[in-house]
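In this document, chain identifiers A, B, C, D, E and F correspond to the written order of the chains, with residue numbering beginning at 1 in each.
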């Protein structure tokens, strides 16, 4: 049997001639998949408003990407799933009852201003989802910090504030009182039966999603471990009202958006340092700033800002943290 | 004390104080830089193309002001105009700059030249040239990946849809940057007034060249034989025109009609003797479009 | 002690001069194209500002304030600073040429800059004592340095990016500064009670 | 174009004294102009200042006839109507979200708030700066020191309702007013 | 015990396609196309012209430059053309075409028998040079140059590269298994030429058979056979040196700078043949593999056999190949025609089917850092692709050390954005070289 | 005719081609600091317009007598004097605006655009062109300030010059009057400016070739 080569031209491309099976769409859709359980739990727990927020956010993000790429006459890449990740993660960080137009504006800003002004996928310096959230936070702080009970949702009126808010405003004792006991508090945090942004509540599902990504090799375990660990350590040392080493690290690690931030945002490869060493520095720095903001700052929660601030430092880290070059004279 | 007088005293004191300090400082510490350098730099086109042989316009300005041996006509993009100004500023005499323009010596568009394979590598001519010498069967022709276009400091080049660079004669300053970046040496500089040019770069023997590209110069030497002034020679199977001979002697470019593949073309800006009417710049621009007025006769 | 620390950190981070109080933006945008120049500029601003704050403090507290001439502050400070910087430039050029090689070009830019005039003016307006003035000046300088160095590193990174043409240069720099400022909002409200 | 630069070259030969004189002269002229203007504007400005202050206080205590400085207290004024001291207008200060908040508080001699006015603050526009405006302000009228406490419970009419999203500012303003009230009651010795 | 190198990748090695197939002596082709340039260094000038009769082993092209290597006829027959022909590396190059007369006659005096023990190192070096031996690991660097280091460089070890880390390739493996004796002699000769007393042979642990055989063959000598973990690019000489003797070739340096010379197993066999029997390098073992070829094989081929003939010998094509590669899949060169000839450095001919290659469109770098992790040289590959794309070649060299890159392709292999990093690297290197020459 | 044209050109130069904020990127601080509402932006704009015009006139008059060694200090003195006059006048007649502009009023002294025009233009030209140049720059500056402030105030507060524009349904986006909003607004305006410029250049070249 012979095959005629003359009829169709062969392709000549540079080496290597075999490639991994991974691709950008594959990675991005897997991230979507990993985030999905926590998002579904958010819908289950907060009800219809959560579903609307997620849908609006994703549609707005993907739509913005489509329109901008059309306008710039660039190839449209909405199928690669990266805009979907941004939309989904943005929604995960918003209060479930946020007006839908705010969600849409946040997603628009995330994609248009934060991603495409810098050239699109791979070039943005700041985490788009977090830029979207920070812009919303700065624009409509009231809506962004209102955690009202909703008839459809399973949040009971008692806990209309987020745990971190209660901590900041009323102290730790009040917090325990609201949840009944420390173990009840932990249980609520772990399972997600508490108030908060719609996707940040269920620690266990976020953890599972994160572990899936670690297993697939898309994120490095060092990053979440270092970030969460730093927050735990620092809040244990400085977080207590009764002196050093009286804080509640377990609460601080599970509360707020730390898990989603550490597993899905401090790991956004586009906006963090490129070397593992650099990423560890990034994670520790983000943990430090998170703690600083929680303990000393004007906001009850600091994950979003800590990641944005570390995004600013990323080029500096990349500049100075490099792998050891083979044969470099030491 | 009266406030007004106080104001006067304070202000005057301050003025005197700093006036003295600065005057003193200036006398004792100042170092002057020759201001002429900046004036000359201002007069240059600021293309930073390096055609003058210096690392950018400022470097040339410095050299031409400070070194009496540096001639004022080194800036090629500036043409005579700039040379004259620089000469005036530096008190040197300017010799004429030979005005020149870039020419693309290849007509092997997608349709005309044979392609050997789908090239799927870095979109850059130098890179393609590194990979088996590029996908074109003709190993002298344009690779069409626009490295020259990207490097033109004056935005004078574009890529035509059929894969050859096009030079905007109104923008090209003749700096020669494209000539140096092209891995195939497809671009060269041509006297602005030249009559004709050879639109091929292939040094392959006739049959080989013909097989690789329908519009190749096949080195048949009909043009050379036709030219009574001996302005055209065949070197390495490729026709070469001595522009100076044409300019001095020729008033009827009959060679154009002789080329069986149409590889000899009227030059971009040139006024071709013998063709009826003189082609203005505007008319020439249409020449840039595929298929010039002088359609090649059917192949031999 | 704590008071001074708060003042310093406030000037460096919480109320960063560039990002929340808008002083020194011209050089912030002008110089931040280049990383090493930014580092030089950050250091130069810090030192010049500290020195000129000291000078201005003396003049203000021993000449202007006692004689009720505070409305002359602007004129006097600006002449003072411009001349001082010019003199400084000449001295450095003569006696420390290497230092001049590093900083020289920035000095002239600094002479007529908001932040260098602004900080002494704020010092005067807030009636800071000498030590506070100096700490505030250093803090503001460090804050400026932090902002410009971060900005420069971001802009250098963006050179690798495919920024749309109309945004290239100044446009994207402003957007970057906006996001930098947005990130720094995280520190807002961080004034120890 | 080259004119200016040729100029620059000639400057070299000037004497030290001449250069210095140049700047001195400039400063002298400048001084003269400023002095002239100052002489003209200063009286107006001072009058305006007094007027502004009056206006501000009048704003707080609408039916006052005159304001008289209080002995022994910097910047304290007492509002007089028909010879009767109807209110004290005193400065207050506290730390808000974005830094120092300075205010002017009008208090009845028996320690009830009449009104207050924010003179200087650096709170977020649209959020914290509502602390300087109605309807937040209205809540203070007639309240005594011990009622000046911030609450977030909407049904509580006794105390001060926090501004949504700006609890810190609310607390700061309330605290500034309360401090002022307490100082006045201490001064007047009521109760 | 051994120091490991950083980075590296683990592609599916697919050596099972051809590993167990013994070296097959290929029948003589009708004609051979022998390029005059088959090595790194100055090209040779042809010594024969159209119509000349030549014998097997006859010198047909040479150059006087030191870094160059002569070319010999691989068949007896008639020169039918001296002209430009397709070339697997440079696209098109001058070649001598010999038509087979079917006699396969040796040029006079060959082969001979001689006792290498009696030859001096200088004599043997001269023999290596005249035999046209070049590195058979793929780089085709003239071997006599490597065997004659400058006086001031003291060589401590000879390392024999039996790693064969490229997927698919099994030619070195078969040579080690089947030609063990010649290899042992070759190693001894090479050590004598270099004057070293200690040798190492590095073999990846996916070739246990070869390890056993060589361990036995080299027992009692001062040559250690060392088993190395299977990891690409274990066979790159810098990595091998690091693993075997824990020395790091300095940036910009050569193995001899750390007192080591590395030779491929095929090269030492060629050295053995040349020194003991006077035979020049006219044939080599080549692996033919890939899912598009009917029968993968290890063939002993005459230099100049066209790929088309080789494919014919392997039963032709099973399906349309997505790519035809000369060499291994990680560093080899894609070909657009089967008209190219086998040259001295062709260790493999791969006919890869679509499902083997995972090609994709190049996308923007998403900074995932996989390339940085995979790079054995500790540089930042993603930057090369970005800087190369933007034409910032000087920066690539000065700030990111593009010259350190060994073009192993690990980075591009793992890149999810399918960026052609090694190609950008070559572009950066070429542009820097051009700038340096000006 | 040509006289008129050059008058227009001198004026227009500062308004468009060399707009102090969008093109030259000088005097950026006030463009952010006092543009959260139109009133203060205009106050600042007019103050700068006055200072730059007056200073250009003064410099063009005295340029012959200024010794180059102390050129910069003398120019600065001149600027500072004019600024102080503005301060004194505002303090006397518009005390509230004076307070609003606070320290930035004093900082007009060091706005690079003013010194730059003095150096580049007024020191080499006669009174009338210098006046025009200063005025044009002033108008360019004020216009830019106004544009930025209008956008920021409208979206950040729902008002223009304090007058409610959007109805009560509008929930102002605070970020616009915060620092990030200011930066991003200017960034996008610069991009818009460039887009228009590009578009016009394209039109011009099309017309030129036709």
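The criterion applied here is as follows: a residue touches a chain if its C-beta (ideal position, glycine included) is under 8 Å from a C-beta of that chain, and two chains touch if they have at least 3 such contacts.
Quantities reported herein were computed from a predicted structural model and do not represent experimental measurements.
S.K.: What are the chains that chain A and chain C both touch?
M.R.: Joint contacts, listed by label: B, D, E, F.
S.K.: Provide the labels of all chains in contact with chain C and in contact with chain F.
M.R.: Neighbours common to chain C and chain F are A, B, D.
S.K.: With centres defined by CA atoms only, which chain is the most remote from chain E?
M.R.: D
S.K.: Count the C-beta pairs in contact for every pair of chains, then give the pair with the highest total.
M.R.: A-E
S.K.: Taking each chain's centre as the mean of its CA atoms, which one is most distant from chain A?
M.R.: Here the answer is chain B, farthest from chain A.
S.K.: What is the distance in Å between the mean C-alpha positions of chain D and chain F?
M.R.: That pair's centroid distance is 30 Å.
S.K.: Just the number, please: Cα centre separation of chain A and chain E in whole Å.
M.R.: Here chain A and chain E have centroids separated by 48 Å.
S.K.: Can you check how far apart chain A and chain D are, centre to centre, with Cα atoms defining each centre and the answer in Å?
M.R.: That pair's centroid distance is 44 Å.
S.K.: Where the CA atoms of chain A average out and where those of chain F average out, how many Å apart are those spots?
M.R.: Taking the average C-alpha coordinate of chain A and of chain F, the gap between them is 42 Å.
S.K.: Which parts of chain F, given as residue numbers and ranges, touch two or more other chains?
M.R.: Within chain F, residues 69-70, 73, 77, 80-81, 84, 88, 91, 174-175, 178, 180-181, 184, 187 contact more than one other chain.
S.K.: In chain A, which residues are in touch with two or more of the other chains?
M.R.: Each of 9-14, 113, 117, 119-120, 123, 135, 138, 141, 298 in chain A touches at least two other chains.
S.K.: Please output the residue numbers of chain D that touch at least 2 other chains, ranges allowed.
M.R.: 1, 8, 19-20, 22-23, 26-27, 30, 34, 38, 42, 97, 127, 168
S.K.: Which chains touch which?
M.R.: The set of touching chain pairs is A-B, A-C, A-D, A-E, A-F, B-C, B-D, B-E, B-F, C-D, C-E, C-F, D-F.
S.K.: Please name which positions on chain C make contact with chain E in the complex.
M.R.: 160, 162
S.K.: Flag every residue of chain D that touches chain F in the complex, lowest number first.
M.R.: 1, 3-4, 7-8, 11, 14, 18-20, 22-23, 26-27, 29-30, 33-34, 37-38, 41-42, 44-45, 48-49, 52, 124-127
S.K.: Any idea which chain C residues touch chain B in the complex?
M.R.: Touching chain B: residues 63-64, 67-69, 72, 75-76, 79-80, 83, 86-87, 90-91, 93-94 of chain C.
S.K.: Which residues of chain B touch chain D in the complex?
M.R.: Within the complex, chain B touches chain D at residues 3-5, 7-12, 14-16, 18-20, 22-24, 26-27, 35-36, 39, 42, 89.
S.K.: So in the complex, which bits of chain F are touching chain D?
M.R.: Going through chain F, the ones touching chain D are 36, 65-70, 73-74, 77-78, 80-81, 84-85, 88-89, 91-93, 95, 123-124, 156-157, 172, 174, 177-178.
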